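The two complexes that follow have chain A in common; it is paired with chain B in the first and with chain C in the second.
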Partner chain A sequence: MEHRHAKVVVIGAGPAGLAAAARAGEHGCSVLVIDDNPDSGGQIWRGDHGLRARTWRARCAAAGVAFVHETAVIGESAPGTLVAGRPRGPMRVRFERLVLATGARELFLPFPGWTLPGVFGAGGLQALVKSGFDVRGMVIPVVGSGPLLPVIAAYLRGRGARVPIVAEQASAASMRGLATGLLGAPAKLIQAIRLRAALWRTPYRTGYWPVQATGEDRVREVKVSNGQRTLTIACDALACGFGLVPNIHVASTLGCHITEGRVDVSDLMRTSREGVFAAGEALGVGGVECALVEGEIAGLAAAGAEDEAADLRGRRARARAFAGALSDAFRLREELRRVVDDATVVCRCEDVRWGRVRARSCWRDAKLQTRCGMGPCQGRVCGPAMAFLRGWRVGDSRPPVYPAGAKDLAVALGSAGASAAPDERGLRERTNMEPER
Partner chain B sequence: MAESVRLIIDGEHADVPRGTSVAAAILNRGTWGFRRSVEAEVRGPLCGMGTCQECRLEINGEPHQRACMAMCVDGMVVRTGRASD
Partner chain C sequence: MSESTADAVIIGAGIVGAACALVLSSHGVRCAVIDAGIVGGGATSAGMGHVCVIDDSEPQFALSSLSVGLWRELRDRLPRGAEFDGCGTLWIAANAAELDAAGRKAERLAARGIRAELLDGASLAQAEPRLRPGLAGGLLMPDDSVVYAPVAARWMLDQAEAAGSRVRLGGSVVSIGPSRVGLENGESISAPWIISATGVWAPQLTPGLPVRPRKGHLAISDRYPGLCRRQLVELAYITHAHGHSDESVSFNLQPRPTGQLLIGSSRQYAGHDPAVEPRVLALVLARAIDFVPALAGVHITRAWTGFRAATPDSLPIIGPHPAQPRLLLATGHEGLGLTNSLGTARLVASHMGLEPAPIDPTPFLASRFRSAIHG
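Moving on, here comes the complex of A and B:
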């Protein structure tokens, strides 16, 4: 088994992780960044060679930061030793200080037809296009919620797709508050104006949400409604996303305190656990400015440069305030809880339909009685959906178990009685035994 | 022109630019269904970032690999899932 060691280990190579790594490296620490993706950049800088992405990558390189890619941290075998899964087998990494920069994933809400091939996450489709999916000439409506929808619509248009509509579920009224809020953030305002320019031929409809996708072999049509009027839109593919969910499983596995699905931190990004820091989207959705400044603070604090870190607190407070205004403006509407029907698949891994799961009393009950959330994604898609649909408390689940390496991982995790090398099923069961939150 | 790599998808040669994910290569061939669900519904990629597991298929004989997280390389053999898993 491969072993590595660094003074500061960073999990996640998105903007927050890169900023933390560069800052800690510049202060003379040995730094190792671990990331699940084949390349650095996280969600926003995936395949991006723009100025800012290049600058932070160059700062990391200049500071001697080391990277391991295609490597997912799954837990801790002993205090200060992480276990990570990778295609070539597991790896152990010892740290003195740790920065969690695990980012966020998209929130998906079920509606009839959302399991058809060709229905993609909005950010998901963008990621696929960045990795070579050619959408030229395709008609792709963008539906759901959040500031990312118009960004992604503009991106898809730039790649030659036709976007007939961007349907935002939030009402115009709730978004007006944001427009005034924007005035306090000039960089954002300019970005918003540019976007509007890029989108001038695409109707941006507020107060419309998806109610059904149809098609035989793949999606061919989507219906969006405002409660009174329903629009039917022919399409080749559909992009839908309802916001972001912080990835907190590593933090919770390490015993860091979590409140309402976000990692708790001090103003210097310290978690409740000594020597463990967190930054970026794992602390709640905040956008790239926020991720960067929090990454810088975490990296500096982890390197012991606390005064320098403290100087950045004002910038962070402003970025977080903006993020707060965003999440208020894009609050999910009640009606989204009523678009599912009994036949709608809620858990895509186990094909658990709404009719079976809706009557369960809690997430744990649903898991035990229906296998909802027990499949390979470990509830990472249906968990947040059920939290929204039923108001259940759903602990963030473990990352997917890679069957190929399951035994190796069990051995690597060691201590917890796994020396008997359980089979894949045994490991899965273990990973499902998270305390409910 | 970007350098290309050659792989085999469902028994046929495919030449794709280096840096293309397996998921993108398959979609570009017009194949939208990657696997069958436990109730045999046809499914394709959703999240594009390694989370949802809907893009799983067989790569070089290994089942359950995520097509969205794997990059195409020369000589790779990919099979989409026709049978239920």
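Moving on, here comes the complex of A and C:
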């Protein structure tokens, strides 16, 4: 098993993680970044060679930051020693300071038909296209909520798809409130204007939300409604996204305090656990601007440069205020809780339908009685959806953070020296175990 | 302050409380079942759900064989979600000494009318080809089974409710007086009989009861249908379960109807902290891989812990509280409470004079620990 060690270990190589790594490295710390993707950049800078992405990557390189990719942190074998899984087998990573920059994932809300083939998470579809999926000539409505919808619509159009509509569930009225917020954030404003230009032929409808997707073998049509009018739109695929959910599993497994689904931090990005910092979307959805400045603060504070870190607090406060205005503007509407019917699948892993879970008293009761959230994704998809639909408290804090091979876990979690490691018999057979779906 | 009445109050909606509600309500007793949390939210949701005959002592044999029979009688009534699976148990003998012990066990069981088939090494390998080669043999107990306890408990309570009982969740009982319990919100319920089926929490309501939490770690995998067919348990398990060492790990593998594999388990006296301990989880997994090498590559999706309610003599406590004859205790089931829940409920019914005792109730009486209980 491979062992690594660094003064500052960063989990996540998105903007927050890169900024933290660069800043800590520039202060002379040895820095190791762990990320489960093949490349750095996280959700937004994946395969992106724009100026800012290039700048932060270059700063990391100049500061001697080391990276391990395709590596997922699955737990901690002893305080200060992370266990990570990767295709070649497990590794252990010792840290003195740790920065959690684990980002966010898409929020999926169920509606009738959302599990049809051809219905994609908006961000997931963008990632697919970035890695080669061809959308030329396809008709792809973009529905849901949030500032990412027009970004993704523009991207899809740029790759040859036809986007007949961007349906934003938030009302025009709540979006207008945002205009004032935008003044405080020039970079965002410029981005928004650019997008408007790129989208001039695509109707951006506020106050419309998806109520049904239909099709025999795959999605052929989507209905969006504003409560009075329903529009039926023919399509070849459908991109939907309802915002983002902070990834807090690693933080909670490490025992960091979580409040309302977000990692708690001080103004210098310290979590409740000594020596562990957090930055970016894991603290609540905030966008790149926010992730970068929080990453910088966390990296500086982890390196002991607290005064320098403290100087950035004003910038962070402004970025967070803007993020707050955004999330108010895009607040999910009540009606989205009522689009599900009894036959709507809410847990894809275990094929559990709304009719069975709606009467349960809490998330745990739903798990125990219906298997909702008990499948391979461990409630990562349906958990936040149920939190929205039913107001349940959904959370978890146990290793493994991600499914991992039994032997890898036994070796990596076992105490060194003890005869925890099974003998070679196990090794020979480990290759041919593919789970059945 | 509101006050209500029932024929019996059952504290605890785990599998033991639920089984009591099922049996008592079938006698026309209107129960009020109270739980601080959700149905089956205690040990019942954490356990493996293996329903098995254990003969490490006479009383344990009597109670578990009674219970295994009662589960079989129930099997056709249980809902599909209770996932009753008559897969049987295959006890594994790692070496010649264990196989000898298995042989004696088989004879004892046969003498009492329990089916048990001794397998030599070759037949064991044939029965479960994924076991590591070179094991000495095994003992197949075809009448053992597996059941998914949280759904079984919910179903039992549904039956009880249909027969006139009530289930109240989300509020704890904070006091037990003669013929009366007090809830945390100030309400009280009076009933001539009170049954405490509070598992590992029993000493909080009835101080002095010698019940200690014995922690266990389990892990579950993604789906690998057909990897094994029976519940596989190493014979050394019995020694581990019966002994009281601070920590032991034995191999225990259960094929779930979903194709998942449930892997156990550890036994620790280690306080009340439910955190998964990486070191112990590693031992549990390593032990399992040692017996079934193919497990090395299976993906573990989740690990968790639970607390068994352990007593000094490894037998449950079933019967009247020494100081309050109409307060019946039903706790201390350690690692066999799912199995023994049905037999326990029959004993409880017999203490209430509803039916004759199905087995000798004496070994389970709390009075055996009298010195420890100040009632």
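Heads up, the rule we're going with is that the second predicted complex is superposed on the first by the 403 of 437 C-alpha atoms of A that agree within 3 Å, B and C clash if a C-alpha of one lies under 4 Å from a C-alpha of the other, contacts with A are read in each partner's own complex, and residues count from 1 in each chain.
Just so we're on the same page, a contact is a pair of C-beta atoms (placed from the backbone, for glycine too) under 8 Å apart; a residue touches a chain by one contact, two chains touch by 3 or more.
Please read these numbers as outputs of a predicted model, since none were measured by experiment.
K.L.:
Give one of first, second, both or neither to describe whether A:176 is in contact with chain B, with chain C, with both, or with none.
P.N.:
After superposition on chain A, A:176 lies in contact with neither partner.
K.L.:
Based on the superposed arrangement, let me know which partner A:257 touches: chain B (first), chain C (second), both, or neither?
P.N.:
neither
K.L.:
Taking the superposition on A as described, I'd like to know which of chain B and chain C A:331 touches: first, second, both or neither.
P.N.:
neither
K.L.:
Return first, second, both or neither, reflecting whether A:362 touches chain B, chain C, both chains, or no partner chain.
P.N.:
A:362 sits against chain C, while chain B stays out of touch.
K.L.:
With both complexes superposed on chain A, which partner does A:376 reach: first (chain B), second (chain C), both or neither?
P.N.:
Both chain B and chain C are touched by A:376.
K.L.:
So in the superposed three-chain picture, is A:88 touching just chain B, just chain C, both, or none of them (first/second/both/neither)?
P.N.:
A:88 contacts neither chain B nor chain C.
K.L.:
Please indicate which partner A:125 is in contact with in the superposed arrangement: first for chain B, second for chain C, both, or neither.
P.N.:
first
K.L.:
Taking the superposition as given, does A:70 touch the first partner, chain B, the second, chain C, both, or neither?
P.N.:
first
K.L.:
Check chain A for residues that touch chain B in one structure and chain C in the other, and list them.
P.N.:
Common interface on chain A, chain B vs chain C: 375-376, 400, 403-404.
K.L.:
Can you list the chain B residues touching chain A in their complex?
P.N.:
The contact residues of chain B facing chain A are 16-17, 19-21, 23-25, 27-28, 32-34, 37-39, 41-54, 56, 62-64, 68-69, 71.
K.L.:
Quick check on the complex: what are the chain C residues that touch chain A?
P.N.:
Interface residues on the chain C side: 38-41, 45, 81, 132, 150-151, 154, 169-170, 219, 221-225, 259, 263, 275-276, 278-279, 281-283, 285-286, 288-290, 293-304.
K.L.:
Show me the residue ranges of chain A that touch chain B in the complex, using the header's touch definition.
P.N.:
36-38, 43, 47, 70, 105-106, 108, 115, 117-121, 123-129, 131-134, 217-218, 345, 348-351, 375-377, 380-381, 400, 402-404
K.L.:
Show which residues of chain A lie in contact with chain C when the two form their complex.
P.N.:
Residues of chain A touching chain C: 75-78, 83, 361-362, 364-365, 368-369, 374-376, 378, 398-400, 403-407, 409-415, 418-423, 425-433, 435-437.
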